[in-house]
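Please find the structures below.
One chain, chain A, appears in both complexes that follow, with chain B as partner in the first and chain C in the second.
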Partner chain A sequence: MKAVALAGVGMYPFGRHGDLTATEMGATALQAALSEAGVHRGEFQATFCATAYGGVAAGHRVLSSLALTGGPIIDVEAGCASGGAALGLGAAAIQSGQYDTVLVLGIEKMPKGMIRSSFFPSWMETAGLAATPAYFALRAQRLMIEQGITSHDLADLVVKNRANGVLNSDAMFRSAVTREQVLASKLVCYPLHLWMLCSPNEGAAAVVLQRADLAPPGSVRLLATSLRSHLPGSVLDESTPLAGLSDSEITPPSTLAAEDAYERAGLGPADLDLVECQDTDAARELLTWPELGLCQAGQQAQILAEGSFALGGRLPVNSSGGLLSKGEPLGASALGQIVELVHQLRGDAGHRQVEAARVGLAHTIGRGANASVTILQA
Partner chain B sequence: MASAGPQTDSMISRNGDGQAILLGGFSEQSQHSHFPRALVCPYTGANDVVDHELPSTGVLWACTVVNSAPPGYFGPVPYGFGVVQLEDGLRILTRIAADDPASLQIGQPMGLIIEDLPAGADQDAGTMQIWAFAPTSDDTASDDTASGAR
Partner chain C sequence: MSTPRECHSAVLSIGVAAPTLRLPVAQVAAGWGRAGGRGQVAVCGPSEDALTLAWLAARRAITAAGIPPEEIGGVWWGCTRPPFAEGPNLSFLSAALRLHPQSEAALLSGSPHAGIDALLAAADAVISGRVSTALVVASDSLLPALGSGLEAASGAGAVAVLLAAEGPASLGQVTTEWSPVLDRYRGDLETETREVYDGRLFREQVFLPLCQTVGSSLSADPSTRWSLPDPDGRLGRTLGERLGSIKVVSSAARSELGDTGAAAPLLGLAAALGEPGNLIALGFGGGRATALSIQVTSPVPGSSVVQQHLSGGREVTYTEALRCRGQLVASGETVEMAVPPGSAMFVRGSHEMLALLGARCLACATVNTPPNVHPTCIGCGAIEFEIIPLPLHGTVQTFVVNQTMPAPFVAPLPLLVLDLEDGSRISCQGASDGSDLYIGVPVELQLRRYALERGVPIYGYAALVATASDKTIERPST
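Let's look at the complex of A and B:
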């Protein structure tokens, strides 16, 4: 199996960008990644473009705008994990020997306000059963009951990520917040306040994957990437069924993806130097820590209090500021995490640099359910 | 009188006493009930699903309040939204009908009712029927749920 390197990365900052199209944002991110990699027209064989709201042939529009068409261009949709799915397809094509250089792109321009998802049939909308933040809220409430999390812990998680976002010029929200401010923000659905939820927004991220022996010296390596869906039965998982069973015996999709990625990378949670993980809402990140094996269930409050997962702690989680600082453009968000890990592992993350970072993990979980886990090494 | 919406009339029925009933499925092989009725057991894939009337009572397992109308919804806000664990163990996603859903305790006994909701923004859009659960008594919640719904 051929080793895969990340030869170049690029971003269009996540935020709200007026009339700018997803195509234009994608072109900017892609040009930056190609420039870093030193890859030109005719020097790559395929493109995988992650998007959930981009419409027909969204990737073609980006490559057309840069006169880069001719090879296969495939749009990839897997909910919040779309970028992870695209990355996995690109990596597999290189590992198998089919291609030596592949572009992976994520673009999105989300509608404003509460996300309207084609995932729900219209009768569920009419019935009031398609209120996305309410699902997050129920999951948060069960986390509080089952793992001893308090409202203060949910707020402290936001404080942690927003503090990191201050140091990220690509973040949408760049101000630090306090626990009191988070708890004073508008109550959306108990126990979740507005600042505990990420903002759907717009942006793009791009990665040039290349056979490691062809990539520029010092390129970050892709050790493993895994995409998994849910096992049936859990009423509150991201597949959002109308009913479920007792779920204590059901392995969540994030754990399925993480265990697969750890095994293929030949390492475990103790080997990680930093993690980017899905913080769609504050509870989602706290729920994810034990699902990825970063801690035991029930240890989250202590970890928050001790700052173990803050910048400067033993395992910084969401050094980029996470989605709570960056916002979430669905198709681009997972690749945004990859861009952050690459900067950290190259040692060029500026004021938020994690010291001596060698191994990083990126995780997404969302509608489907879809979960992706990617492990990179300097 | 409101008519059952075409989307939910396969899920909702009434017994001889006029009592609302939810129609699910049951697999002898897996010994699990499910909702709504599916082609195969949604938990094991067993291909022996038969019609099954779900218990109409249970306890509150999770509950929140939706304060602003989500896209495509024309009913009143705020409204309660949560999960009720039925007597057979099935956990069902549901509207929560209560004057103050935020005051309900996890573990609170709940019973099935049917609500009529506007099917569209216009007055002549008609209504749809949807299941909901309402508190059935003021019993205090069980000990392990002291944190409550709120």
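Let's look at the complex of A and C:
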């Protein structure tokens, strides 16, 4: 199996960008990635474009605008894990020897207001059961009772990620917040306040994947990438049938993806130097830590108090500021994490640089349910 | 002089239901810049209507009798104005009550006399031997014309009785008399009921003469307890005086709920069914008056909790009552939901939503809910199921209270995941404001109106914290 490297990365910062189209944002990100990699027209064989709201042939529009068409262009949708799914397809094509160089792109321009999603069975929407943050809160309620999480812990998680966001010039929110401010923000649905929820927004991220022996010297290696869906009967996961079997005895998709990625990378949670993980809402990140094996269930409050997962701690999680600072453009968000890890592993992450970072893990979980886990090495 | 006929059948059990809101009449007066106004009327919350009240009263009557619903011969429903002017009123109610798929049903409607009409029609079915048990439901929730006297008088409520040949209370003599006159009125193109009469003329030439005639035709003694119609809050007392020194027991329900229309005659007597003796129910509406005597020999099951089920309720302002009745509506567009009420989903899913059915896997016994969206078992992937009714009691597995909801939904809206008594799990709306919910609290499910989708009511089950239960988990301190 051929080794895969990340030869170049590029971003269009996540935020709200007025009339700018997803195509324009994608083109900017892609040009940056191609420039870093030194890859030009005719020097790549395929493109995988992640987007959930991009519409028909969204990737074609980006490549058309840069006059880069001709090869296969495939749009990929897997909810919040769309970027992880696209990355996995691109990596597999190189590992198998089919291609040498592949572009992976994520673009999104989310509609404003309540997220209307064709994901839900229509009867649920008619019954008023499809309001998105409610699902996060249903899960947060169980997390609080089962793993000893309090409202203070949820607020402290936001404080941690927003502090990192201050140092990220590409973040949407760049001000530090206090626990009191988070708890004073509008209550959306208990226990989740507005600032505990990431903001749906817009942006783009791009990665040039290349066979490692062809990539520029010093390129970050892709050790493993894995995509998993929920097992039947999983109640409180993003699959949200909200009916049926118990959730406690069924392995969640994040764990399935993580275990697979650890095995393929030949390492475990103890070998990680930093993690970017899905913080759609504050509870989601706290739930994810034990699911990825970063700690035991019930240890989250102590970790927050000790700052173990803050910048400068034992294992910085969401050094980029996470989705709580950056916002979440669905198709682009997973690749945004990859861009952060690449900068960290190259040692060019500026003020938020994690010292001597060698191995990083990126995790997403979202509708489907879909979970992706990617492990990179300097 | 009218001659009573005999109506030989008996009451097996009783159930009543009141809506969750109470509107002080003084608020209505103040809304129109007037002083005064005494008492209160009951108002349906956003998720309640004449169908959900009918369901609740009927379910309580069936539970009190201890009869399996599928053994009931049919339902006779009296309602001035059912939720569907045309539509599946009876099949929706029958499905939600889990009656036999071939059970009889009749809807008596068009005036507040409809409750008495339903009772008499059901009694005829029992007397003829066509059915052995008949369910009678009377419910009303009037939409009063703005600024009319009906706003201060009309309430909402429901009552249900099970009839059979023999029982602890026997129906006896019945007298009806009519006169072709208008009192309240609503035309085909109107949404609200209005008054079309001169108060004094109506009282002296229509209401009092008809009611007096039928009331005095029945044999009564000083111990006889009476339920009298009281459409405006004053006529009842006047009628009582004209009938002589009689004992009126309907004032308690009247002052709690207001005029409950079709439900009023039986609702006024419901609590009195707990004590042996003679009762007379007098009903009026649409120019017809009927008096009916009931002989109680032993307390009727369900009568002891009547008072508990009628009392309580949350006081609301006039504005909130108007919003709940749909008479005060925000401008702008509402979110149109994905499923039109005529779609295949409702054709296939309506019965399982109304009867709260689950699909139990024949291979691994996992209950899949709702059956319609689970063609394969989420537990094992098998495809053969047995359709089962789900219990209406359970505990909260997790919940959330949505503080913002797009119209037509109303915040705060609780959403819950429930573990039902048989181990199955469902998700549903909550019927309260959510402040009383916590993980582990026992809840019961009630039929509620989820939404008015493209003008059509959509019904489903909503959870309420169970009133009388052993709470196994203490509410966590926050």
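Assume the second predicted complex is superposed on the first by the 374 of 378 C-alpha atoms of A that agree within 3 Å, B and C clash if a C-alpha of one lies under 4 Å from a C-alpha of the other, contacts with A are read in each partner's own complex, and residues count from 1 in each chain.
Methods note: contacts are C-beta pairs under 8 Å (C-beta built on N, C-alpha and C of every residue); 3 or more make two chains touch, one makes a residue touch a chain.
Please read all numbers here as calculations on a predicted model, not as lab measurements.
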Partners on chain A (chain B, chain C) - clash or fit: clash
Chain B versus chain C as contact partner of A:295, first or second or both or neither: neither
Touched partner set for A:66, first chain B, second chain C, both or neither: neither
Partner chain(s) touched by A:233 [first = chain B, second = chain C, both, neither]: both
Which superposed partner A:190 touches (first chain B, second chain C, both, neither): both
Touched partner set for A:74, first chain B, second chain C, both or neither: neither
Touching partner for A:142 - first (chain B), second (chain C), both, neither: both
Partner chain(s) touched by A:166 [first = chain B, second = chain C, both, neither]: neither
Which of chain B and chain C A:57 touches, first, second, both or neither: neither
Region of chain C that runs into chain B when the structures are aligned on their shared chain, from 95-103, 131-139 or 221-229: 95-103
On chain A, the residue positions that both chain B and chain C contact, one per complex: 114, 121-123, 125-129, 131, 134, 137-138, 141-142, 145, 187-190, 232-233, 235-236, 241-246
Of all residues in chain A, those that touch chain B in their complex: 113-114, 116, 121-123, 125-132, 134, 137-138, 141-142, 144-145, 187-191, 232-233, 235-236, 240-246
Residues on chain B engaged by chain A in the complex (per definition of touch): 5, 7-8, 24, 32, 34-36, 42-43, 61-68, 70-75, 79, 81-83, 89-93, 95, 102, 106, 117, 119-120, 128, 130, 145, 147, 149-150
Contacting residues of chain C [partner chain A, same complex]: 335, 337-339, 343, 345, 349, 353, 366-370, 372-374, 378-379, 381, 397-406, 409, 413, 415, 417, 424-429, 439, 450-451, 453, 458, 460, 476, 478
Touching residues on chain A, where the partner in the complex is chain C: 114, 120-123, 125-129, 131, 133-134, 137-139, 141-142, 145, 151, 186-190, 232-233, 235-236, 241-246
